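Sharing a structure, written as structure tokens. Questions coming.
A, B, C, D and E are the chain letters, set down in written order, and residue numbers restart from 1 in every chain.
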Amino acid sequence: MALLEVRDLSVVFQRRGEEPFIAVDGVSFDVEPGQTVGLVGESGCGKSVTSLAIMGLLPKRGAKITGTVKYDGTDLLKLSDREMRDRRGRDLGMVFQDPLSSLNPVVPIGLQVSEVLERHRGMPRKEAMIEAKDLLDKVGIPDPNRRLKEYPHQLSGGMRQRALIAIALACRPKLLIADEPTTALDVTIQAQILSLMKELVQDLGTALVMITHDLGVVAGLCDEVNVLYGGKVVEKAMRHKLFAEPRHPYTHGLLASIPRLDAEPGEKLTPIKGSVADNIPWSQGCAFAPRCPNALDVCVQVTPAEEDQLGRLLRCHNPVVPGTPAAEEVPV
Amino acid sequence: MKVHFPIKRGVFIDRTVGYVYAVDGVDLEIKRGETYGLVGESGCGKSTLGRAMLRLNEPTAGKMVFDGQDFSTLKGEELRKMRRRIQMVFQDPLSSLDPRQSVESILVEGLRAHGLDKGKESTSKRLRELLSAVGLPASALRKYPHEFSGGQRQRIGIARALALEPDLIVADEPVSALDVSVQAQVVNLMEELQEQFGLTYLVIAHDLAVVKHISDRVGVMYLGGLVEEATAEDLYAEPLHPYTRALLSAIPVPDPVVEDRRERILLAGDLPSPANPPTGCRFHTRCPWRQASRCDTERPALRELKPGHKVACHWAEQIQSGEIQPHEVKPILVEENDGLSPDVPLVGPASVTEALNP
Amino acid sequence: MSAVALGVSKKEKIDDLAETAGVSLAASAWKRLKRSPVFLTGAVIIGIFILISLLSPWLAPHNPSDPMLIDQVIKARNEIPPAQPGHPLGGDLQGRDFLSRLLIGSQQTLIVGIGATVIGLTGGLILGTLAGAIGGWVDSAVMRIVDVMLSLPSLLLAFSIAAMFARPSQFTVILAVAIVQIPVFARLLRGSMLAQRHSDHVLAATALGVKKGAIVFRHMLPNSLGPVIVQSTLVLATAIIEAAALSFLGLGNPDDRIPEWGQMLGDVQKVFDTHPQLAAYPAICIIIVALGFTLMGETLREALDPKNRR
Amino acid sequence: MLRYTIRRLIQLVGVVLVLSLLLFAWLRVLPGGPVSALLGDRSTPEKAAELTKQLGLDQPIYLQYFKFLGRALTGDFGVSTGVQPGDSALDIFIQRFPATLELSFFAIAIAIVIGVPLGYLAAKRRGSWFDNASVVGSLIGVAVPVFFLAFVLKGLASSALGLPSSGRQDAIDATRVTGFFTLDGMITGEWDATFNALVHLILPSIALATIPFAVIFRITRAAVLDVLDEDFVRTAESKGLTAPVIRRRHVLRNAMLPVVTTIGLQTGALLSGAVLTEKVFGFPGVGEALAIGFERRDYPVLLLLIIMATSVYVVVNLLVDLSYALIDPRIRTR
Amino acid sequence: LSGCAQSQRDSGGGGKEGGTLTFGAAGAPKLFDPFYATDGETFRVARQMYEGLVGFKPGTAEVEPALATKWESSSDAKTWTFTLKEGVKFHDGTAFNAEAVCFNFERWYNQKGAGQSDAVSQYWLDNFGGFKDTPDKPSLYKSCTAKDAKTAVIELAEVNSQFPDVLGFTSFSMSSPEALKKYDADNVQAAGDAFTYPAYANEHPTGTGPFKFSKYDKANNTVELVRNDDYWGTKAKLDKIVFKIIPDETARKQAIKAGDIDGYDLPNAADWAGLKSDGFNVAIRPAFNVFYMGINQKNNPKLADLKVRQALQYAINREQLVKSQLPEGAKVATQFMPDTVAGYNKDLKAVPYDLDKAKSLLAEAGASDLTLKFYWPSEVTRPYMPSPKDLFGAISGDLQKAGIKIDVVTKPWNGGYLTDVDQGIPDLFLLGWTGDNGQPVNWVGTFFGRTDNRFHTGVSAWGKTLADDLAKANAEPDKDKRKSLYEDLNKRIMEEYLPAIPISHSPPALVLKSDIKGVVPSPLTDEKFGSASKG
């Protein structure tokens, strides 16, 4: 049985006097113990909302969550606030995007790490501090003793992210959700953090949900990749398969628009035209249709269903035939 | 070129007690019609250098010769006139557009400043041309920046730069704020425009892949200095500076096959503070090839190792030949704010309370 | 075939764009405000207030300075004219029709509020623009002045300024209240101007070669006005209340032939307990109007706050 | 930090000098003043001229100012002509300052005790009727002229509850030690004196508390709202911390930064309100002296009290800044 | 007034012994040395501790013996022999005798430096002229000799109609010579804007009166006096008097209602009725003042025209004003002195309100289009002018009805009003006078005795005549002749000159709780609490 089973997860934001906004629209995926699952997609496609929904961190008012999120067999969405609090930090850890704003500026790093130990492992403050020191050491923060007493602003960006990872992993959760943990960092630091996470996840046997918009990160890290578009998973496959043969026009287009370091000189980029602003609602067809080079008439009339195609889930009426070069942009 | 930002402190009168060495001795040359790419980690001084070239930051020292004319000594009206020929495209497409002005007035402004709006007819024709060149409908003219998507905004920013028919465009991270799918559109647009108008670009970015894609030549910056300069292909094929090597190896490639095979050079620690840069080679604190001699005492000059390929490393040849092998580096503490950051001045009549209570 | 579908949807999009063209920032803030009941309450109060004050010469049944009921004033027995036909609120200590005074008072009150705000705003704009736009020693000099002025609790500063005038009048009251606001406006404006100065769009304008003056007046100033407008709304309220406080301390306008609410309230302190209505009516008017302005200001502040713009 | 403090204190000296010069010049230029205060309605032009000469008021202003400065350095700020005629202005300040401090303390205490919890609750229930009501209520607090409220309190509360509505203490035998009547009673064991002084503080401090209350309430509410939206609160939630820990350590500790500042600033600004409140309640503090000073044009007293008020205000602001630095590590460690 | 007559000074014998009287004072006493005192609040406190050679009969402006049992003058009225009461001791135990009297006179006469200032020794300067070392300013006082312990002889430089009445002023009370010496009583210093006084004036006032100084609690704004158990006369019944300083008038009223104080002075006329119905004793003093509208003939030539001034007089509805704005017992003034002053002209009748007459007079004078700068004082109430603003409102309203345009100017009493009036800046202004004694020279003499007065009568030809005639009348040694001279002058002032317009005489009042007995309201506000009792 999967460690985490997300089924038909939908999140609808409803603000007074405004149209309801469907941020996540029937997302399903599984995470096996020790597995790394990637959620990729561009800004606003619902990655963060999905992760917050799993963690039960969405605002109580104004967000309607449906579907099931089964962790080890229990549906997290049905748990009471108290029960959920007991699990967060202990069974599920989370690392956020912006390490500076995600740490409390007026509480020393040490306490921010140790409080989660005190809470879930019932350690007294002293002991928790010693453990915290070890944790900081483990995530590669030099001179951890001194850092315990320091405040987030005294640490560099990379160190802050390491501290956040230490917090998330403090209680050795079985599942770690990382929401764009490296987006705010420089490439050289990103490489450090990614390799650290890889290492820790392997050592601890933690399952990891990696949320990112960077296909490169996914390519090097994840076992299975979910590509999100407009709140729905449009393609899901094991990474080798996905990158070797992207079938969904969106995935295909994304890969074609990324400049690659190892590309031949003079190679052209093939962008996807338009932007998410051009989307049509999923209820009326395929949200990607207006930008899709493969779009058919049916695409703007019928919402494509999720289909299983040889270990690959695909939501498309007219998938890309493997091996076709990306379509040229039609000038407007 | 040098740009040092003074750090002011004092009990009575402000004295300059230190400098942020944002750009510290950079020499570079951009040829007409080429695209020069500048990469480096955040805070290494890329933007500062770019701005200094437009005289948006006053350089502390150094000279800037544009088309044979010394741009760095111009003043007042002369400088203003000269500005027409160098334009800038900014990173954040929203904040670089005045939120209170319609696209039309944003575009007309530059024309007006240089007396190029001769008559309604011709101006309006010109605006339409500009918009169509960047792929926006003419109806965009009457709208405001916040009504556009990020990619469209960046197109407006480019149109604004184009309006004055400049020779050189400095683009400071023109695509970093954009989604990948849109990023490619803008990159392509820039390339097209270059062909069409014979532009010269200085493209600043932290994403080496983008820079490599778009540039003819690439300069790699580290902590205020240029460490390597080469053509895009050379740089990728044969990085000479340890930092460039590490940088190249750190960039993820969206191809699991490549990723699985790659060997990473992981740098230890963080970028030191530009207010207190390391002695000697700025990179020596993180360099896996660091040698006991010279590295920490002598600042290496940028030297041409091969035609068109310059590097600032004492041991570049030895590293290339494998004579020197990388070794483990212990990360050293980097003080994020060692009390000299000028960004948040605590001293002065301005008190924290001032910020809180208008 | 795909092109057909695409063409249509793309075209729709563009048309869509054309139709909704030209929603400026102010317009979108206004859209938000229109829905806020708190703002509407404030706006209605202020609307009525302004209407009354404009129409008061016609609304007032009598001349507000005519002691027509003087024979009903008997100080010795502490009697003042009670409510009576033709004088629904009775008369004041000098036998003048109280209702007429209240109505006409609205006009002067509005003048005090607007006068003080406009003067304070103008002074603040000048100082703030100088400091924020020019910077350097001009900035330092201006900010030193502002510092000195801000080193005094505001109302105390107003009192001191009012006491400085050898011949108090409506104008000196306005001036005293206004001067206190100058540093507030100046600092507010300078702060946002400084922020603007380093913003990308100002850099972009500089790079375009736009003249310095044009940058200040077309880019920096308009974009810095948000908090200033909010402050102005709040100052309208403060001015009216402070004018009353000045009168209370005997620093107000001594000529009460044309009344003003603050003055009416401040002048009757001796009879607060015996003729409370003389104080209560102007006080209630002041409270309502000040509340109206404050409600508007606070909601404006929230509407213009970028944090609330999601 | 030390350097910063010194710098601010030097600035204070500058401000005080500039201010004293301005005030001094103003007082000298104004008609009336000491001469007419001393002579009253028996004054004649000659008597006035003679007295002017005698007091040296006919000398150039800058000379008079330097003389004044010289005397001020020895603690002589002149003699009251209206508030407590004949008393030295400094004595008046020294006697009255404790009264105003006592009053301010109680006022600010009331404002904090009500404002902070109310602000927190309103933020927690943002958008609810409770939130809206308390926001509008606090705005009404700002819209009511302080002195009018004081009169209403005096009229209604004092007759309904029998609370004293004037003075600082009844004419009871009380030993004076510190000048703080409530403290004095405790020190000497004269509990009735403490009680008496406390009862006298109730109404004026309520009147004085309204504006700081409104401001503290609104800042608390805004700060808590801001903090609740912060990423680190989400992080704390993601750690599964209990609600009280999150509230205390993560929400309040951050939200209190601006609140503490505001409290400090409001304390400094209380004097404005005290002028009105003390006058209405005949409370013999600095505010009342200022009010009477304005009425009777008691220039020496005004001069000193305004300078003192400024200094206190600036010093309080400085303390606020320093305390801010103490509680905010981002500034402290700089 | 009738109620007061019953409670004569010694009729308080029935009052209860002991207790504390708390009196609400409007201001802090400046000092406690009566000689340097100039203001009512200071006098009120000093009066309880000090006595002079002569005193005033309670409730009147007539003199009666005090520390001197009797006095007689030489035939040239320049040498006065005072017989002193025996067995009197100052609070510090020093004996009161002729030497003490002379010590006091010599002290007054020998003021030096700042002590000679108008602001310091005002009463001496006004009544005795100069000092020993001011030869250019001659003094009325010549010498004092202690003939024996109980006889003091005082020589004057010239005849003066006000002597010995002036000795009844609290200023000329007897202080203990020992205390004066010990506490450096004459050490007055000019310091910047004001004067500083020595320890005697601040902490050690020592007189012979029924109360002694106890303490001045500045922090609580209270002055405390205690009974002098060694008093020579009927000892005070009260143990203590506390003067509680409550500057705000309404606050005083509330304080008496709340029982915080037992009485206060000068209640707002509008409150009299309310206070009475609340059971308080509102003791109305005889009106011993005059309120007038000053006219300045200097600035505006039109005002030099009698017709215009008369028009002003007709235009003001004084009857109405007195009825609506002034307290019970106030009267329209027919001349510049109340009827209790010798020289009051009974035949003068108040000019009636006549708007048409006013207008036609203005037209005759060619002044139909008159604009006048009319001043009123803020921040002040005076017994003759309880609410300047309302009075001004009424008067200026009347004038406007007559077609006169008013340029309203207000200045604070001490913040420019008096200065401007002195300097002749206003055209019209409101002012008045409270008498020091019953001599006419204290009234019209003060107003018009010189040509450079506030009304600038010197501008008109009659100004000099009037001043000369007033001087002549004052120099007339015969009482009755003097009286008729003044009566005649009063008539001429009102009918021929009209330098200003007298408006009213208002009685000031004093409120006391009903259980306070034995306080006699005095036209000179000379109430002594020695006879008072509580409960």
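Here is the rule we use: contacts are C-beta pairs under 8 Å (C-beta built on N, C-alpha and C of every residue); 3 or more make two chains touch, one makes a residue touch a chain.
Computed from a predicted model, the values in this text were never measured in an experiment.
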| said: I need the common contact partners of chain D and chain E, sorted by label. | reply: C
| request: Looking only at C-beta pairs in contact, point me to the busier pair out of A-D and A-B. | output: A-B
| request: Could you tell me the distance, in whole angstrom, between the mean C-alpha positions of chain B and chain E? | output: 87
| What is the distance, in whole Å, between the centres of chain A and chain B, each centre taken as the mean of its C-alpha atoms? | 30
| field | Centroid distance [mean C-alpha coordinates] between chain E and chain A, Å | value | 92
| task | Mind checking the centre-to-centre distance between chain C and chain E? Centres are C-alpha means, answer in whole Å. | result | 49
| note | Residue numbers in chain A touching two or more further chains are 153-154, 277, 332
| query | What positions in chain C touch 2 or more of the other chains? | reply | 147, 163, 166, 250, 269, 272-273
| remark: Check: chain B positions touching at least 2 other chains come out as 337, 349
| task | Could you pull out which chain E residues touch chain D in their complex? | result | 20, 22, 27-28, 30-31, 38-39, 114, 117-119, 122, 126, 190-197, 202, 217-222, 224, 242, 244-248, 251, 254-255, 258, 260, 379, 382, 411-420, 422-423, 431, 433, 452
| Which residues of chain B touch chain C in the complex? | 51, 54, 56, 80-84, 86-88, 90-92, 95-102, 109-110, 113-114, 137, 139-140, 142-144, 146-147, 157, 160, 164, 349-350, 354-355, 358
| Can you list the chain D residues touching chain A in their complex? | 230-232, 234-243, 245, 249-250, 253-254, 257, 327-330, 333
| said: Under the stated contact criterion, what part of chain E meets chain C in this complex? | reply: 249-250, 253-254, 268-274, 320, 323-328, 330, 376, 378-379, 386-387, 389-390, 393-394, 397, 408-412, 415-416
| query | What residues on chain D touch chain E, complex-wise? | reply | 30-45, 47-48, 50-51, 54-57, 67-68, 71, 76, 78-88, 91, 95-96, 98-99, 154, 158, 164-171, 174, 176, 179, 181, 279-282, 284, 288, 292, 295-297, 299-300
